[in-house]
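Each of the next two complexes has chain A plus one more chain, namely chain B in the first and chain C in the second.
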Partner chain A sequence: MNRLRALPTFRIDPARRVAFRYRNRSLHGVAGDTVATALYANGVRIFGRSLKYHRPRGLYSLDGECSNTCMQVDGIPNVRTENTPLREGMQIKEQNVVGSAAFDLMAFMDKLDRLMPAGFYYRSLHKPARLWPVAMRQVRRAAGLGKISPDFRYGGRCDEVYLNAEVCVVGGGAAGMSAALSAAESGLRVILLEARPWLGGCFDYRPGPSQDGEPLYRRSRELLRSVSEHPGIRVFTHSPVVGHYTDNLVTAFQTGEPGDAFDYRYIEIRSRTVVVATGCIERPLLFEHNERPGVMQVGCAQRLARTYGLLPGERAVFSVGHDLGLEAAVDLSDLGLEIACVADLRQDGHDEHLVTQLAERGIEVLRGWVAARAHGARAVRAVTLATLDGTVQKRLDCDLLAASAGLTPVVGPLTLAGAQMDYDAHTGAFLPSELPPGLFTAGRLLGLHDAESIETSGRLAGLQAAAHCGAVDAAAVVELQAQAAALPGPQRGSKLVTAPVKGRKSFVCFDEDTTVKNVRQSIARGFDIPELIKRFSSAGTGPGQGGIPGHNLPLLTAHLQGKPPSSFVSTTIRAPLVPVPVAAYAGSRHDMCKRTPVHDSQKAAGGVFRRMGVWRRARYFSDDFSCREEVRNVRENVGLLDASTLGKFRLHGPDALKALQRIYIGDMSKMTAGKIKYAAMCNDDGCVIDDGVVVKRGENDYYFTTSTARAGATIEWFRYHTRYDGWEFHLVNLTDAFGVINLAGPNARKVLEKVADADVSNEAFPFAAYREFTAGGGAIAVRAMRLGFVGELSFELHVPSSLMQALWGLLEEAGKPFGIRNFGVEAQNVLRMEKGHIILGQESEQRTNLLDLGLGFLWARDKGECKTVGEAALRHAENDPGRLKLVGIRMQDPQRAPKDGALIVDRRIRGYVCTARHSFTLEQAVGLALVEEPLAGIGTRLDIYEDECRGELLKAEVVAVPFYDPDGKRMRM
Partner chain B sequence: MTTETKSAIRRVSPVCFAAAPGESEDRDGWQVVTRYENEGEEGPWLVDLSHRPRWDVQDGHVDALRPGGVSVPQEAGQCRLQDGLLINRMNRTQAAVWHLAGATDGMPAEAAYTDVGEATLMLALFGPQTLRICEKLSALDLAGLQRRPPFLVQGPLAHVPCQIVVAQRNSGDFGGGILWTCSRGYGRSMVHAVLDAGREFGLRPAGEQRFTDWLPSLSSD
Partner chain C sequence: MALMITCPVCGPRNGYEFRYGGEDKGPRPAQRELSPGDWFQYVHANDCADGIQKEWWVHRDGCGVWFTTYRDTTVNREVPPPEEDA
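Our next item is the complex of A and B:
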């Protein structure tokens, strides 16, 4: 197809060819083309088939307002080709076809529409019930849009950017640009968002005169120059708004240009004010076969020629309801399109100058006429025009029908922001009647048509936004308001709802193949408001996000019931306002996680890492996930565990002890220097939320640990539970300041002795003691604790993080003669389970209290008036017989441990397994479980239900814990 | 343990750049890179300052304290930069003290002070387009017109809770400089995210000297 000669409105470069492939053919477009316009230039008229009836679909809006031109591009289905820039080497495929888009074997579905009335799948195919799964599969197979390969991997680059501004202008047309300039002139930061790849809006391609007589496109470029040169305005083109939320949070996504660092970019804007100048789309005209390829919006036809240099057809008929249609007919006629006739559904109110221009070109204008039917099997071949009452008809041959019932304001960002929308009888549109603070509107959205009015409304909105930010005087706003009031106001809008037809093939929603007839059927079934019709008929639920039916549906609903349009409102608009690639939301792929100071050396030692909360931790050190050797080495020799993820805190200040007494369930006043105290925290329900150890390092100066999971919440927890007391204490989060090495095993002391600059014998450093000494010749300050979480002689060494690798290395070197080796979190899990020590979150859940876990010994009941968190609830709970109790279990089959979380059952669920493993130390399968109290007695036999056990229950018996070293001699050696 | 062992012990920064050090020096156990190869002359730059001392100061009367002889700012969010010492007022009872110039006579003995140099990493990002890089990392308004650098913002950078000080802001090119601290464990993730965000603007790792040269250009409140 030959392009038009170079026009000043072109957004293409005809000299630069871009190659792509379509249906195994090599084709060419030009730089600036979209995929859709490139295909159109190559003679493609049928882009795909419709969802339900497999009707042929073609170019309609150029803005992706419907799924007509959704195709598979480079393996990605449902790409809106009207909005997608053509890139070199793209692979384009049709979708939802059997055969080809032109010859679709499923096209017979179009004849079956009588079998598929509105909501047919809700009403039929359910009886008998066994029919539904079969029918559902067939329905889904027949319908649907594109399919993605399960192996597909998106290879593009996605980015994200978070912007702040005083004014965000949505819409880069004349009004939007004027608003941006007006606001920026007052020194504010302005962001201008435009959905198309360039600014200009409806001025961009129109040759009609602006207020100073210059063509509109030239005026648009003048504004563009001013905007580009203004340092206070940041422009984001090809960036449709996706959402608009409370406090003017605006989200958008941007498609990158060649040379950009991204393909898609998620944009999030916090702005003090927002100006919405999104303009209008065209309201589809409802007539028979109104979506046949060759039927397109007026603006689509004009932009094809003016922007892309493509005459949309050879012989056209226009059926319009506004002066833009007349203007486009004049323009396209001048560009060489033969226009058989212009049917204008308005009886009066035309721009007579345009009517004269049409007459001068020999184009007949029929007032009060409308398209009633498009003819042609796969593309328009002729059109039947009719008077509005349908009494007179005429048929005209054509290959293009430019059709539009009127204009629809694009109000999505307004409704998302909470603007009140009401039917406006003058414009025939749903317009904002009340705006939230900081939100302003401008331009064609308000029904304005006059160029000067549009620009002035933009300037006014920009100034209002600046005034809202306190940057300009209110008097300036009043002055401009007066100027605007003197200009032409909103134009009267078309009220026609549907051509005089039955509506069997008049499509209200192209995406879902919803017809006027379907809407009528919905109303007959009692679904008589747009929201219900939408759900029953699916109108507006497709990829076009309700753009096509959004305005017509409430008008049609009113029309079919003989009610005024003001009786209804449009269906709810929700984000995303336009389809967004999920990859754009994902943004850059950074896994923001924490690593311990010895991450690298653990990795070098074969550590297998897992994400645990915010940390990456070494869970295993071999492919044997039972950790047999790791466990054995700790039990028989010595092992190193990186426990740096533990929460660590300094608590100081004159009221530090009071805070401890409030938060911990034990009596913290009895702590002595050099000793550690194991303590637990409960919530107000007495449920255990954390445990750890506390040491007293000085007067009113404590150091304590928490579990890894609770570290992030600890300071808030202390603050919250002391918020009314006025106590003076201070907390410092030292979690990352200290790395922690757990040196455990019967040879642990022999290793530590070689490294520590202190006596670490059992006499000098007994069990449950705390010591501070140096290691490495005085270079490394160590805070050391004698603990026994894994049930062996253990030293927990807290060391400054920057020096942890050094100490780790020294210990490894010192331990070499003993065969020291790393052990991971899973081995620790097995070791502590054998010892009967709990891990909160594993042996507990939200309802598990201190007593359930057998930790009642930690509870100090005589702390006086300190009001320990959870104490009141515990007093109630200790007399409650219906609670779960933590017990040890031994499996009947020593080789078969149940999965964590497996259920303990009889005729009902009686508890669950918290942790169970095969213990290589004991050569038994053992575990810890929470069971109802009657089942907690030693010797009770338990049945365990595991998922996919096929009814074969596992057998276990309640036994005493600890399973290993019940006297605790090994920890104290 | 021997004296040789002691001298062989090295501190490890939480931050590691995939760049070739040009010059470095041994300082108090830290191997401080003062210059990287291919730092570029235009910027922007990312500099690891994790070895610089940092203190947490908490006291009911924090206003009365004078860390390093410098008074603590009165309002939360305010900063005071004097003689290479930056003091950030965080809330009613708390301030952070960052020794940007490196030198310190040691932490005061009062209980109010805690050495948190090991708890966090500290990075400096400065040069042209710095604030554009920040926009890719945080929704915080670091370029807000209402505040004059230096000022403190507490919030997420690359989704990680941080203390961020906007130290400098140039009009026109979105340039300037920020300093920030966050939990030490995030070192590798943070550097990866920041360098990735800055790639399109030519962001490169730089040695300490680049920061030392830039520091005198910062003004106090």
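Our next item is the complex of A and C:
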């Protein structure tokens, strides 16, 4: 199809061809095309088939307000091709067709509409219930949009951006640009969002005169220049607003241009004020076959020519209700479109200058006439026009019917923001009667038509926003308000609801194939308000949501019941306002995590890393995930574990001890220097949330550890439970400032002796002691603890992160003669389990309290009224018999350890396995389990069920813990 | 959570930076002689006011302070303190 000669309004570059594939054919569009306009240029008129009746559907609005032109693009279904820029090599496919969109073998469905009244699925297919699955399969096959392939992998790039602004302007037409400029001129940070790929709105393509006589498109380009040059305005084009939330949080998503680093970008803006200048879409005209390909909105026809250089047809009939329709007819006639007739449903109120221009071109204008029926099986061939009462009719041949009942303000962002919407009798639209604070409106959505009024309303809204932010004084607003009031106000809107037809094939909602007749049927069944009709007839529940039916449905509901149009408001609008690819929400897919200071060393030593909370940790050091060698080496020689992920805190200040007494269940007042205290934290229910060790380093100065998972929440927890007390203490999170090395095994002391600058003999540094010394000849300050988590002689060495690698290297070197090797988190898990030491979250869940775990000895009942967190609940739980208890279990089959989480059963579930492993040290399969109290006695036989047991329960017995070295001699060596 | 919240240290900030800490129920009661019922009331029972409620928030992704503020639960917006509490 030939494009028009270059127009100053073009957004395409006809010289740059873009190749794409459609139905196994290679086609070309040009740079600047959307997928839909490129197809249109190649003669495609039927883009798809409708959901229910498989009716042919074509280009209607160019802004993607309905699913008519949804197609599969590059493997992605339901892409709105009107909003999708054409890119080189794109693969375009039709959807919901059997055969092709032009010759759909399912087209017979259109004849079955009498069998499928409104609510048909709900009413017909649920009885008898056994037929429903069969019916559902058939319905799903016949109805629906694109098909999702479960194998499809999205290869695009997505980004996200979070911004702050004083003024966020939604809509980049003349009003929006004016608002942005006037707000930015007051020195505020302004963000301007526009749904189309360029600024300009309805001025962008119109040659009609602006206030100073020059064409509107030139005026909009002048505004664009001022906006782009202003440093205070950040513009996002191709960025429709998706949501508007409390206190002016605006979300949008952007489609990237060639050269952008993203395909989609999620935008979230926290703005003090919002100006909504979203303009209008056209209100669909309701008549028979009003969605036949060849019927399109006036703006669609004009933009096809003006923006994309495509004459939308050869011979056209217009059926309009607004001066924009007359203006478009004049313009398209001048561009070479033959116009048979313009029917205007208004009796009066026309812009007589436009009527004269049409007369000069020999185009007849019929006042008080409207399109009643489009003819043609697959595309429009003729149209029947009728007077509004339907008494006089005439038929005209045409291949294009530009039809529109009037204008619909785009109020989605206003409704989401909580604006009160009411029917406005002058414009016939649903407009905000009350706005929440910090929200302002401007432009054509208020019913304004005059170019100067539109711009002035924009400047006024921008100034009002600035005044709300305190950047200008109220007098400036009042002055501009007076100026605006002197300009032409909102135009009277057309009130026609439907052409004089029965409405069997007059579609209120294209996406869901809902007709005027369906709405009438819904009302007859008692669903007599728009919200109920929407749910019963599905109108407005398709991909386009309220885009097509939003304005007409409440008007029609009132009209069919003989009520005034103010009787109802539109159905509730919800986010997302436009369909958003899920990938845009998923964002950039960074795996953000922390690495310990000795990450690289462990990697070099063959570490196999796993994500654990915010960290990546070395879980194994070989392919043998049973960790046999790692475990053996710790038991027989010496191992090195990176425990840097432990939470580490300094607590100091005059009330530090009070805070400890509040948080820890033990008595923290009797701590002595150089000695470690093992302590646990409970929540108010007495359930254990954390354990760790505490040391006293000085008067009112403590150092303590938490588990890896709790590190992030610890300060918040301390502050929360002391929030009423006004205590003076300071908490410093040292988790990232210190690394931790666990040196464990019978040879541990021999290794440490060579590195430490202090006496680390059992006499000088006994079990459960805390020492501070230097290592490496005074270079490395070490905080050392004698602990026994893995059940061997072991030293936990806390050193500044920057010195971790140095100490790690020294220990590896010193340990060579003693068989030192890295061990990972899984080996530690086996080692500590053999010792019966618990890991919270593994041997406990949310309901597990201190007593259940057998840790009651940590609870100091005699420490006075400290209001200790968890104490009251423990007191109450103490005599509760119905609790699970932690026990050790030994499997009958030493080779068969159940999986963690396997169930302990008799005739019902009696508990579960927390951790179970084959212990190479003991040559048994052992584990820890939480069981109901009656099963907790030593020697009780247990049956264990797991998915792989094939009906044969695993046998186990309750045994004493620890399994390994019950007297604890080895860790005291 | 889209609401704005005013941190006493940092000023008005995006609500996502904060974590809710429950209704303001007053200081912890002495625990020794407390009945299970009274303890439950303090820890778990809430008024769930439909209207203005005094509640605790923490500026988790900010300065870390715990503070009380007032929120109208019917519109999910922070509001100035009512007269009698101001």
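Criterion: the second predicted complex is superposed on the first by the 939 of 973 C-alpha atoms of A that agree within 3 Å, B and C clash if a C-alpha of one lies under 4 Å from a C-alpha of the other, contacts with A are read in each partner's own complex, and residues count from 1 in each chain.
Rule of thumb we're sticking to: a contact is a pair of C-beta atoms (placed from the backbone, for glycine too) under 8 Å apart; a residue touches a chain by one contact, two chains touch by 3 or more.
Because the structure is predicted, anything quoted here is derived from the model rather than measured.
In the superposition on chain A, A:R270 contacts both chain B and chain C. When both complexes are overlaid on chain A, the residue A:R723 reaches chain C alone and has no touch with chain B. Of the two partner chains placed by superposition, A:D113 touches none, neither chain B nor chain C. By the touch criterion stated above, A:E932 is placed in contact with neither chain B nor chain C. Of the two partner chains placed around the shared chain by superposition, chain C is the only one that A:Y245 touches, whereas chain B remains out of contact. Counted by residues of chain A touched, the larger count belongs to B, out of chain B and chain C.
Of the two partner chains, chain B is the only one touched by A:L803; chain C is not.
Shared-chain residue A:D685: touches chain C; no touch with chain B. Contact with chain B, but none with chain C, is seen for A:V755 once the two complexes are overlaid on the shared chain.
When the two complexes are superposed on chain A, the residues of chain A that touch both chain B and chain C are 270. On the side of chain A, the complex with chain C involves touching residues 245-247, 249, 270, 418, 684-685, 715-716, 719-721, 723-725, 865, 867-868, 871-873, 875-876.
Touching chain A in their complex are the following residues of chain B: 1-6, 9-14, 29-30, 56, 58-60, 93-94, 111-112, 114, 116, 118-120, 135-141, 143-145, 158-160, 172, 183-190, 192-193, 196-197, 199-200.
Those residues of chain A that touch chain B in the complex are listed here as 159-164, 166, 187, 189, 231, 261, 268, 270, 588, 590-597, 599, 614-615, 644, 650, 652-653, 698, 700-701, 728, 730, 732-738, 755, 757, 775-780, 800-806, 810.
Across the complex, chain C meets chain A through its residues 2-4, 14-15, 19, 21, 26-32, 34, 36, 39, 43, 56, 58, 60, 64-66, 75-77.
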